[in-house]
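The structure that follows is given in the form of structure tokens.
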Amino acid sequence: MIDQSIIALLLLVNLRMFATSRVDSLVRCVAAQAFLLVCLAVVTHEGSLSWEAWTFLSVTGLVKCAALPALMTRALRSAGIRREVEPLVGYRVSLFIGLAATGFSVWAAEKLPMPAGAADPLVVAVALISMITGIFLIVARRKAISQAIGYLAMENGIYVLAPALAVHGPLIVETGVLLDVFVGVFIMGVIILHIRQEFRHIDIDRLSELKD
Amino acid sequence: MIADTFAALGGVALALVLSPFLRTIIDRTKARMAGRQGPPVLQPYWSLARLLRKGAVYSSTTTWIFRAGPVVTLATILGALCLVPFGGRPALLHFEGDVLLMAYLLGLGRFFTILAALDTGSSFEGMGANREAFFSALGEPALLLGVAGLGAITGSVSLSGIYGRIGTSAFLGAHMPAMIFILATFVIVYLTENARIPVDDPTTHLELTMIHEVMVLDHCGTDLAFIEYAGALKLWVLGLLITGLVFPVHTGSALLDACVTLACMFVLQIGVGLVESLVARLKMGRTPLLLGIAFVMSALWVMWVVR
Amino acid sequence: MAFFLLMSLLAYLLSGAGALLKGRHPAWGARIVPFGSLAASLFALVPVVYVLAGGSPVDFRASWSLPVGSFHLHLDQLSAWFALPVLLVSPIVSFYGAGYLRHHDRPLETDACGFFLQLLAGGMLFVLLASDGLLFLFAWEIMSIAAFFLVVFEHGDDDVRRAGWVYLVATHLGTAFLFAMFVLLGGMCGSFDFADFEGLGGVPDVVFILAVIGFGAKAGFFGLHVWLPEAHPAAPSHVSGLMSGVMIKTGIYGLLRVMVLANDWPAWWGWTFIGIGVISGVGGVIYALVQHDFKRLLAYSSVENIGIICLGIGVGVFGIGSAGPVARLAMAGALLHVLNHAVFKTGLFLGAGAVIQAVGTRDLDILGGLQKRMPVTGLSFLVASAAICGLPPLNGFVSEFLIYLASYWSVLPQGFPSVNLRVGGFVVISSLALIGGLAAMCFTKVYGTVFLGEPRSARVAGAADPEPCMAVPLRIVAALCVAFGLGGSVLMLLVSPAAARIHPLALAASDTTPLRDAALFYLNVTFAVCALAAVAYGLVRLRGRLLSGRAVRTGPTWGCGYPYGTPRMQYTASSFAQPLVVAFRSFLRTELGGDWPSGYLPGPSDFRTHTPGLFMHRVYMPVFAAFSWAAGWMRRIQHGGTHAYVFYILLALAAVLFWSLL
Amino acid sequence: MMLRILFLAPFAAGLASLGISSPRVRRRLITIVSFFHLACTLIVWRTGFEPSAGRWIGLDALSMLFLLITSVLFASSSFATVAYLRGHELPVESRGRFSREAVFTCAMLFFLGTTTLAILSLHTGVFWMAIEATTLASAPLISYQRSSRSLEATWKYLLICSVGIAIALVGNTALAVSVAFDPATYGLPMTFRDLAERAVSLNPVWLKVAFALILVGYGTKMGLAPMHTWLPDAHSEAPSPVSALLSGALLNCAFLGILRTNAILVRAGIGGYSNGLLAAFGALSMLLAGWFVLRQADFKRLLAYSSIEHMGILAIAAGAGASFGGLLHALNHSLTKGALFLLAGTILGAYHTKSTRAVSGLIRISPATGLLWIAGFLAICGVPPFGTFVSEFSVMAVLGRGGRWWLLAAFLSALGIVFVGMWRIVIPMAFGRPSDPAVCVPRSRPIEAADVPPLALCCMVLLFGIWLPSPIARLIEHASAIAGGL
């Protein structure tokens, strides 16, 4: 019951990421997405959680819902970036693509052979949607920061895919992955700042001096 | 064996003595056709004798090549003379592939003639030299291919073998068209190599249009005598290739064969004189075409011989 | 015996390295290369002569710690014969080169030149010895790359660098075909050892095609020859001599090496050779005729001679099926031409080098009158020119004589049922004769315009014969031309084991009597020529006698009544070739240019002709342009947009997932 | 213990370097750590290595080979790194503690550490983590110049590689899923070795999906077309020693992941599928790189595209089952490419341009550099007597033995195109008259200190072409057995 409603909420958040025109709203969406995914992980977990797992989940939640969005908001502010997303693909088309992606994800999740102990296929579907959302943001949005957000969204999707498929990596590996994501987004933010200083804009579109 | 050698030596001696006479035949034929008297019979001999008595003027531009030219030309023609059979008898020197030696000896002579012409630094002589080189490059395949055709018909790869074996049957049998084509080729090559009309006009007085004559403009005295004599011998040597075909009868008697050959040679020169009287000289640019025709004709024997 | 071979290779390597590392002894450096290569030649000549004189093939195997291939050297009659020109020419060339480069202003580059010269010579020997696919390619590439460095020796010149590129690309693309060929053979056989290839029981046609293209690019078959007229003018002359005289023959060697692996030779192989021979021979000589560049002309002439060799091989391929002397004679002729061409082409390039060094230009149209100023060079060049035209009594005649003789035999009616053979022989006779005539035209042009007449420009005035270390090699080459020509019979006997080695696997080697007979025939030639030399001498004496009491004057050349002739009015190389340009204009497509006289009182005018290479300008350059255009178009993929880049990943992912779930 | 030192020492040194204020000491630290690493590697190699089951970190022959490559490259490029830092002296405020240069040094050492970790990790998750960490560690190296171009390159590198590696993470998940079907393998530790041993009981569909994702994911990092797009930018904009490391060490690491995954599929009996994919990507990379080499105007980009081409060769070798040739080629390529990038740095220093047109007469400006530049390109084109010739030929030999003619044709034509394009650029660069005497002054000495490391690398490649030392041959043989799934 709870998990279904979380899934529904996640769907809505993802679709909002397709359609939103503001960067700050994107940041909020990705934070919400992360929060919901952590919740989903807690809810779909079988049996009781050990204290290590609790710690890990809370650290994940903190990093993904608070630290990284805060970092981005800061980058957004200090770099003085305008708040428009500046899409390459229009919002309406994006929304339709989002719907199509949703359909595809559900179909794929139903289609794939699932191992014993796997969660509801819808959880897998929602993980897939999050990943597709992330990639879509990278491909179809012009600003560097929206690409960083896309990367984060994608990581969020992957993060939930593993428990959804009943895959539990060793804790140290999971921590390492989390650390990597954190440092990655952190460095992205740093680079965005530098780019801002150097170029006076952060349109990836115009970052095309290097070509053949 | 020894008899053959003596017969061949006789042939060579005949050539050495009689070859200047061939010019007389041609010139007198032309004169008769034009209604003139023509030069005396021994005129070529007198000319040679007079040239041999003269001194010499050499251009200061020239080197030893210029002096070597006439000598090499004469020597190579003498060599060729020893390789060509006279009257169906084996030549003085005969071996498989002797035709190559003959053709390339002629080529050696030509090589030096051309170089001697270029040695003078005269543009007229250069003009003649390049024409000679180009036309002979086109004429040579025709000659060698024609001989190859004869070889294919008679089954021999030496000149003496070919001319010894060739008989009237060659003309009467299935190879008749091939023989005729080869003969025609030889005639064209004969006219070309000896610088006769329709390729070259030995009597022209305009240097721009000459081929062979212009190349030897600077030679005089003894050198010119060598060249003239070599020219006469060349007329003889290549003539033998034709006479052997025109009258391929072997009587068995060396003397009779020799007489027949001489008669044929006489007729051949009259023919050359007639051609010179009746045919106009080709435009310079058309000559490659004539030689091309000769080449094609020399190649046509393949259709009858190789089945 | 193998010891001598290894020592020879080592001598090449060490003397090359010695030239590079000679330190502070410049005099040493000038000597180490020539004497090194002399030593290497002497070492290698021992087994080579041993094998050619009837000894058993030399075989050497060593373990080699590489994943594929083995260190297998093998010297049989075929490789011994091809080694002969290498061993003969490389010392000559390196002595000459030491003099040629003595005054070069960059000692470092001169040392490098010596090093790569040794590497080239050693590489060629290595190619001939290698009896393993990997080892062969190894040696092959070393040889090619060494030659590349030699070609770009004078790299300050734009044309030289371009030539280097053309050469490198041509040789490497050719080698790519060889890679394919060896991989194919190795794939079928499971090993890359030549000895194992023989167990294959024949080679597929595709191997032959790959070999023709791959080796043909090195040999300079017309169509694949584009690098020759670029590289030979660019390289220092002694290097051109070695490359043109010897290196391109390794292509022929490779082709023969592959052919002897076949079980039998289909008729179309013969036609391939004859076709290549006719096109290369005639095309090569015609292009040679229209060149103004001294060394470019010689390069095209090499294409022509490769054509002659191919004609011989072609007749030989047909002849192998039928009894009789044809195959043996033709193959022997082709092999002899390999040696002879090496000798006289080296002579021509060395002579050209002496002229270029003395005068400083390769343009034929501004040379002239050098025979008086450089008598030694002139005489050697004359001998080599006559030899390349196949004139008796020089060595060119020996090989052409054999090929002709084989072709004449092949058209004979008795005993040869094969129509292919007879028609092939017929084609060979006609094209050989045409090639011979045109070659004579070509080399009378060269010798006449360079050495005879009056100088066409002031540059020529100060020219003089080169110093002895260049002049002596020139004399040696000329002497070799005469000696090989007079001793043709000996050469024929010497080549007979090598010629007997060239036959399909399934056929046993037949006897060598045809060559013994031919050697006897050729004795007649030697005799006749000697007699004629005596006659000529007699004529000279006669002339001397006749002129002795008479006035012998010198004066200006008779100008046909035109008294104002200047040296510039002489016939030039271009005008000499003019009838040919007219006759073959549809094939040559010569470009005419310059300011033509116009009006009633024309001012100064000039006239130029330029004949661009047919394949270079009509095939390869358009193809390259197309490739280059396509490459430019393809670059849009990398247009700089990160979005698109991620999108590519997405596409790849979709494609791969689709494929995996299919 | 030794293994821990191998990857922990660089981390520790990196952290320490942040706090060092003296640039001289810090720079010396790079060299010291690199050579310490090399020494440790050699000791490990000498003492032997026991691959242990179930371990996450371990050393088998395959990792030993790649460790050797990486260590040699780091050691030989450490001088160039120091020279680079010295040559591009930053203002004083950027040289102290926690300054830009300190971060660079730290990132450099971290890069060494993460690369070592990636090579040593036998666990899929650890491997992934390490690979992503190499990306993060190397990003500050690329952006060191802080020019607009280098920032752009860094951004592309970071984003594209992160996306790619994220896809590989999905692949890891899929790999884990494939374990969960059979009770026999349920709960299996996710090490490559365990997976390979139980490969037959894994779920083939998920295995295929996993391989597809891992191939695309790590393929991005490895530089296989069409995921290669970041590679030319990053390689051309990074400082040359860093380019050498990226090309010589980093790409190999990603390849290692693909190779190990491929071995699992081969053991599972669906090697045909994975080999086909590898060969297809390899051929595409080779051909595409060839086209881009053809009209290249920037010599560092040229080298980058050449790396793509060689990664294609590695992929084809892996796909054709020519593991021995492929691994030998990985070794040869890394050494050669390292030398070439180091030389490119020297050239860049002498001419102050990356444009191929502006560079000429190198051999007269600096004979040793010019000769090495030519030798390096000969090696990279697979011309004997260099080792690349042997390795390429042995790959081709396997292609021929397998009768894969189309692949062979693609292989040869790509090599041909690359050759044509490269030499059109290299000949005018190396030969001719020096372009501008005002810009580039001929060196007084024929050989400079900067030429020594590339010379050493070239000599190694030369050695491998003439005589492959038996310890290395044995190492590669063992490694190829692991890579081939035997």
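First chain written, first letter: the chains are A, B, C and D, and each begins at residue 1.
The criterion applied here is as follows: a residue touches a chain if its C-beta (ideal position, glycine included) is under 8 Å from a C-beta of that chain, and two chains touch if they have at least 3 such contacts.
For clarity, every value in this text was computed on a predicted model and none was experimentally measured.
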item	value
Most distant chain from subunit D, judged by the mean position of its C-alpha atoms	B
Two chains joined by the most C-beta pairs in contact, as defined above	B-C
Cα-centroid distance, subunit A relative to subunit B, in whole angstrom	100
Centroid distance [mean C-alpha coordinates] between subunit D and subunit A, Å	31
Cα-centroid distance, subunit B relative to subunit C, in whole angstrom	35
Averaged-CA centre spacing for the pair subunit D and subunit C, given as whole angstrom	44
Sites on subunit B at which at least two other chains make contact	none
Residues within subunit A bordering two or more other chains	135, 138, 147, 204, 207-210, 212
Two or more partner chains touched - positions in subunit C	635, 638, 642, 646
Each pair of chains that touches, named by its two labels	A-C, A-D, B-C, C-D
Complex contact set, residues of subunit C against subunit A	635, 638-643, 646-647, 650
Complex contacts: residues of subunit A adjacent to subunit C	88, 135, 138-140, 142, 147, 204-205, 207-212
For the subunit A and subunit D complex, residues of the former touching the latter	112-113, 115-118, 131, 135, 138, 144, 147-148, 151, 154-155, 158, 161-162, 165-167, 169-170, 173-174, 176-177, 179-180, 183-184, 187-188, 191-192, 194-195, 198-199, 204, 207-210, 212
Contacting residues of subunit B [partner subunit C, same complex]	52-63, 65, 67, 71-72, 74-76, 78-79, 82-83, 93, 95-101, 103-105, 107-108, 110-111, 114-115, 118-127, 129-131, 133-134, 136-141, 143-145, 148-149, 151-153, 155-157, 207, 217-218, 221-223, 226, 285, 288, 295, 299, 302, 305-307
Residue numbers on subunit C that touch subunit D, as the complex places them	64-69, 108, 134, 137-138, 141-142, 145, 152, 155-156, 158, 161, 164-165, 168-169, 172-173, 176, 179-180, 183-184, 186-187, 190, 192, 627-628, 630-632, 634-635, 637-638, 642, 644-646, 648-649, 651-653, 656-657, 659-661
